[in-house]
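I am attaching a structure below and will ask some questions about it afterwards.
Note that the chains are named A, B, C and D in the order they appear, and that numbering of residues resets to 1 at the start of each chain.
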Amino acid sequence: MTVKNRIKIAYIGGGSKQWARVFMNDLSLSPELSGEIALYDIDKKAALLNQEIGRRINKLPEALTEWDYCVYDSLEETLTKASFVVISILPGTFEEMNSDVHTPEKYGIYQSVGDTTGPGGILRAMRTIPLYEGFARAIAKYSPKAWVINFTNPMSLCVKTLYDVFPDIKAFGCCHEVFHTQDFLCKVLKEIKGITVKREEIFTEVSGINHFTWISEAKYHDVDIMSLLDQFIDKYYMTGYNEKGDTDEYKYNCFAYANRVKMDLYKKYRILGAAGDRHLVEFMNNSWYLSSKEVVDYWKFALTSVDFRKKQQEERVLESTQMANGEKEITLEKSGEEAVELIKAILGFDVKLSNVNLPNQGQMKDFPLGAIVETNAVFTNDTVRPLCSKTLSPAVNDLILRNLYNQENLYYGIKERNIERIFLSFKNDPLCSTLSFEDCCKLFIEMMENTRSYLEPYFDINNYTNGSEKKRCNNG
Amino acid sequence: MTVKNRIKIAYIGGGSKQWARVFMNDLSLSPELSGEIALYDIDKKAALLNQEIGRRINKLPEALTEWDYCVYDSLEETLTKASFVVISILPGTFEEMNSDVHTPEKYGIYQSVGDTTGPGGILRAMRTIPLYEGFARAIAKYSPKAWVINFTNPMSLCVKTLYDVFPDIKAFGCCHEVFHTQDFLCKVLKEIKGITVKREEIFTEVSGINHFTWISEAKYHDVDIMSLLDQFIDKYYMTGYNEKGDTDEYKYNCFAYANRVKMDLYKKYRILGAAGDRHLVEFMNNSWYLSSKEVVDYWKFALTSVDFRKKQQEERVLESTQMANGEKEITLEKSGEEAVELIKAILGFDVKLSNVNLPNQGQMKDFPLGAIVETNAVFTNDTVRPLCSKTLSPAVNDLILRNLYNQENLYYGIKERNIERIFLSFKNDPLCSTLSFEDCCKLFIEMMENTRSYLEPYFDINNYTNGSEKKRCNNG
Amino acid sequence: MTVKNRIKIAYIGGGSKQWARVFMNDLSLSPELSGEIALYDIDKKAALLNQEIGRRINKLPEALTEWDYCVYDSLEETLTKASFVVISILPGTFEEMNSDVHTPEKYGIYQSVGDTTGPGGILRAMRTIPLYEGFARAIAKYSPKAWVINFTNPMSLCVKTLYDVFPDIKAFGCCHEVFHTQDFLCKVLKEIKGITVKREEIFTEVSGINHFTWISEAKYHDVDIMSLLDQFIDKYYMTGYNEKGDTDEYKYNCFAYANRVKMDLYKKYRILGAAGDRHLVEFMNNSWYLSSKEVVDYWKFALTSVDFRKKQQEERVLESTQMANGEKEITLEKSGEEAVELIKAILGFDVKLSNVNLPNQGQMKDFPLGAIVETNAVFTNDTVRPLCSKTLSPAVNDLILRNLYNQENLYYGIKERNIERIFLSFKNDPLCSTLSFEDCCKLFIEMMENTRSYLEPYFDINNYTNGSEKKRCNNG
Amino acid sequence: MTVKNRIKIAYIGGGSKQWARVFMNDLSLSPELSGEIALYDIDKKAALLNQEIGRRINKLPEALTEWDYCVYDSLEETLTKASFVVISILPGTFEEMNSDVHTPEKYGIYQSVGDTTGPGGILRAMRTIPLYEGFARAIAKYSPKAWVINFTNPMSLCVKTLYDVFPDIKAFGCCHEVFHTQDFLCKVLKEIKGITVKREEIFTEVSGINHFTWISEAKYHDVDIMSLLDQFIDKYYMTGYNEKGDTDEYKYNCFAYANRVKMDLYKKYRILGAAGDRHLVEFMNNSWYLSSKEVVDYWKFALTSVDFRKKQQEERVLESTQMANGEKEITLEKSGEEAVELIKAILGFDVKLSNVNLPNQGQMKDFPLGAIVETNAVFTNDTVRPLCSKTLSPAVNDLILRNLYNQENLYYGIKERNIERIFLSFKNDPLCSTLSFEDCCKLFIEMMENTRSYLEPYFDINNYTNGSEKKRCNNG
């Protein structure tokens, strides 16, 4: 084969996240590929750190290929001639995230993640979408033919922005939450049938919206894994089950959960929620699984505190620094992430089936066209094509559509810089179900005030709060 | 014209309701028509009372035509050869309705009507749909070509049942709630522009689902009435406004409201809720307009107590008795109801434009086909054809679809006699937004117990509650 | 009522057509209305003639209202402040029309009308659409709120252009062909049932595309007129039937037909073609009803020669001149046209149900959105809303869609000034079914050459024919 | 892996076709599989011959697995416990096919294949669909969970029948025509870019209906193969090109073609017809590529005569007999067919992307749901899921839909045993474009008469022809 496989991959953000290291790791283990990794981060130091780590990886004996790691100061330089653009940013700092996640607790609203939906997801979207408008315009200008892979949350709204601003973009959003549920199904298969397989070996019918995705069918050869669930759930419903091992991990790891919510939803809806319990619960009435810390505890999942994230981040930065300066050894090993595999498939080295976030072009025929949905898709030869998914039950459609339309309204509210319109999504968010208008309004204003410096470039907050928060929030 | 205009109208139910009298009144003032009114009621005495009143109406000097009033003991006799079938029943008694409306109050759930949606509407649907399955089968057998007009609530589910059981039925559901909003718009036109018109003279673009219908456009000649609303609302938002006169009527008439909710929704969504405030609030989170009696009072609408209904009913029965035996004079005057006008239009005497409940066949193109929606339609010459309605905003679609899919799930749950499935709609109902699973479950069981005698012929309640309500309701 | 009813109606074209006189006649008989008729025609003399006739009409004793007739030199003056814009133009002259209609005869292609579809319709569209692009831009600029009524053929493509160029336009296309079929159905009702009614009194379910519209249901009160057709057709199939009287009129009036095609289509498809036979036949394979003059004769309809049109036109111009200078008396009498009635309904004086050409917004739910379709609509208070129409059979959908998509392709071909793309519609037109590529190509080039002066401002014809017609047409 | 891979494959028909041998060959080279091949053919001798060949294959040293070959007398025995059902029958004999293909030539209608569409395809459908109704009922009864693979033509109608009769069937239709076009694209890639690949290595976006399928996109890594076509076609348009080698093969092999039609369609429509030219031409006006033998010759493809088929068949039967009795050596070599690979993918051994015929469930979102379309699909773990395909241009939609709706009408006509309705498809078939009604009718009747013995069990032909063919065919 004579096709050139020297490519440029632009990497926007990711400076301070572990994810960039995983990506460099996986790339170094792909002998089919080589080329340039163009790093761009508003925290340039972080990008330089990654550059240094990348260069060290190149020199490792296990590395199967070599990459040029370059750090740029502009999107223009970063994007020009790129075949792929990876975006993975943190909009604002952990201070803003702290407000997103924890301010609602004052009003009795608990969020287990707070970056996708709920009050936290909405405020985060207000900071993120304007940035993505800029990315989309830059991509349209400097790398219109590149494939754009998004990892930033809120996933749906980031992908929506990219397509709305630049309709010809070749973008998609990747999320590994579905993978964990596939692992869970493999455990079910093992437990009930004694068959040991990896998640790549089973077929799961995936549809929904990011982090509120559903598996309606799961097959291994001719074994219907869904039909095994009742037996499995009978056994583990009360105790919970953690596909990674320790059922009680949620007590000390605030990213963990015991799948009790997932099993409960299956008992009720006969379909499997395909994301971590921490995500699933945020798309339903807060009175259901998030009404109090006791209820959270009962359902055996953790609320991810931002303090925890900060601490984890510090450790990672330290680790990165150590890796960069050679204090800490780097070891290469294929990760469980799929980004590099998808890139290889798009480059024509494979046919890959995976779940992906894309504008609805018929893959969920009962859902509005153009809304961002997550379904299976085939990746191969410069192509990402979604699969037609099956019709879901009215009850499940109801749960999904309530969130999907709320996001659609939110998107247009942010696009129009119209705070009134954004508030419609805020008060209608399932996690605000128990709040009065007054409390919704106060909370919303408080959250905007807390993150004001990131919002003011785009939104006229003063005009909204109008000197008289009281008046606004008291008349409904 | 030589077309025969002697027709048979079957009237199922209505025995003890004022509505039958209004209908007989309007028929007697329609010189184009005559024929037979076939009365059928499980309370035969009530039917006989109506027969007697009808006969007295025939003899009034103002009566412009004469009708034969017959009381039958079977649906077969009632329906055979009917050109029209009117259905207006009370499923169960006021005792059951008392449970529907007031039991949820123990859990902090207030319902202003309780017969369409919310916990009350759901229980009522469980009593009603099995009866409607019977009506549909009887109509298929005895009067398959007849036009069927439904007035019973829950409207959408009654119409859904008729079409699901007998797809070739020519049925539609009529509701006068939209009329009041049209009256309201006439008042706006008068107030702002000084133009006095009747509601029939304006055009309103109507779409949504019954009792949660919306007017997105209102025109009188080239005057855009919607554009006048801001000015009107600025003036009346805080005080409220009652198109019938007394703004404070809600304080003593528990069917009244001051349109504050309607105006509030317009401020937020830029579209006018086209039903009484009492109905509108029941389709949204109970935390919004129904969280407490104080909040209800703040928004200036009444909760309709079943005691009030009972009292009203007793007065009406007394009045009917007195009319029947001649103690009370009967006066004929064209009512504000449209049923008789629609009948005349269908018989070819007119072209009539009005709102109507029908299965979606494209009139709301963004909504699922086959679901019952309420839009404008043209009535004429044996034909009822819905008009294409305009696309609504995502935020309004969201409010509507959450209820529409909940009803779809409820319908199939009742059809399957599957209490588990019904409960999915119960717990997802907007009026239950603030309830925990446990409370939802307890409330649901309590409401079933209260109305057990009407449910047991169809549902296996014992199996559901399973001896151990506690267990069921405690594990989510 | 205090609403102002002094309006300005802009009239583009119509200078030399009888239709303008009918319109002035009907307006003068509408006491509700008065105001200004703004006349604009590239043949200014013709506009002045109409002005003179209008002024004479004003003075007639039967005139119930008075209009100011003004002639303008620019679209700006004509359109500014207009409430209605009527467009009725002849694109090119009868010389071009002569080529449109008769050139194909050299290749054995007969056209009975030649202005809507077929080779003639396509060439006419090439002359018309660029003009309509200009009208749409002018309306967007000078009278964006005006209602625009189109009478020009090709109807669908004119309406398509208006909406494509100015999506917020309030335009619709009116055509009286359906009326004649309604008259035909009234005759059926009379013949079989002895009931005499006017077409306005029956309901017909209308759907399709202009001049290839279909009536799938026809009701008078509860009489199903369609069910009478078999008996009627048994009687008249061979002889033909003319709802206006003389079955053999087609022998001397080249606009006439005996409904044999309509009856034949009903026998085959169980649905009634709702346009004159002359129009219907042009949308199907030319081998069916138009293969030769003998076949045309067998089916008893006329081919409308352009010579006849010229002669008729001359008579009309003479008549107009005589009317304008007082040599010929003008008599006022309500015509059978509906334009003025629709205007009155839109102004709020009535609720009117009629057939209309509009972009598909769901009224034909099995057809592509945005394509121009003809269905029933309600006209009232500043509103024109189409009715949902019923699903047609696959065989009828097939006939319609073949033409609809051909027109869609044609539209975009003309919009792009892409002759290659236009040719795809030309060769795929049902009337060219029997032609080889070579003949299609030669005919197309010949027709462009014949009308070159009207096409060259928009199309690069020389480049297409490429010096070497032979080469182009010989390689397929 | 512990999943059992001993399966039963039922094979209906195929007795006398080479295809069964290819299938047995490929199965014997699949070490993952073994089990039983259940052979059923109304020509039992042919089944026994295949059994004998199968047994000999088992003994070959190259055979990687072994199969039990059983011959059954009933569908019940054949189907019971089958995991897969392969159907590949000849409806009627070559005598009927001779009439299908060659009778229309008397009327100037040439068919290059005559088994899918056109007059021949319609008559064949009339013989086939009633048989498939029986197969569908038997599968529903004896092997409802089996995967059913259809190879019989008319493909779309066979698959339609299976799903219409048994909606829960897991059936799909396979066709290798697309493969040849993929081979063609590989040659283009080789010729223009010098890159040598196999068809499995490129991605092609496939959509349309069987034998009139289209490739709108073709990618090898990031090379856009479609963009190379203009250059390729410039070179080969006049001479033609045969991806298998000899451009002039069509002169002696009546299955061959030189892709001139394919290239011509690409020049006109900018999309590649994805079937052999012989098939493509049958879906368009006969005046385009099939008007005479000279025109056929000009476009360089062959008309496949049934005499040729008979001769070929005799050779194959002889060959089979010799193989069965050992006179002729059998050699095993992986074929180019995909059936066995698809079976393996469905059994979970692979993820396979290929084109397939399925009811439209959204994969062609602009086409009617439920109609049979051919698109890409993913095959894996008990699953066949179609991919969403891209919107095609109006001109191409037009070509496809004309045939799709004609087939839909044909299907329901045959289902209803309604010859009048079937005739609507006959006369509207593109290959009959040049025929008058009279000739259409005569031809249709003649073709029914010729194949009467196969039709009479299902259709009342006498009643249709009505003693008086003349009368029927003369009145249009």
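As a convention for this text, a residue touches a chain if its C-beta (ideal position, glycine included) is under 8 Å from a C-beta of that chain, and two chains touch if they have at least 3 such contacts.
Note that this is a predicted model, so its numbers are computed, not measured.
Novice: Suppose you hop from chain A to any chain it touches, then on again the same way; how many hops at least until you reach chain D?
Specialist: 1
Novice: If you average the CA atoms of chain C and of chain D, how many Å lie between those two points?
Specialist: 44
Novice: Mind checking the centre-to-centre distance between chain B and chain D? Centres are C-alpha means, answer in whole Å.
Specialist: Each chain reduced to its C-alpha mean, chain B and chain D end up 55 Å apart.
Novice: Could you list which residues of chain D touch at least two other chains?
Specialist: none
Novice: Which two-chain combinations qualify as touching?
Specialist: Contacting pairs: A-B, A-D, B-C, C-D.
Novice: Once bound in the complex, which stretches of chain D touch chain A?
Specialist: My answer: residues 1-3, 83, 194-195, 197, 201-203, 205, 217, 219-224, 347-348, 351, 353, 361-363, 365, 376, 378, 380-383, 385-389.
Novice: Which positions of chain A touch chain B when the two form their complex?
Specialist: Of all residues in chain A, those touching chain B are 237-238, 264, 268-269, 285, 287-288, 291, 295, 299, 366, 368, 393-395, 397-399, 401-402, 405-406, 408-409, 412, 420-421, 424-425, 427-428, 433-437, 475-476.
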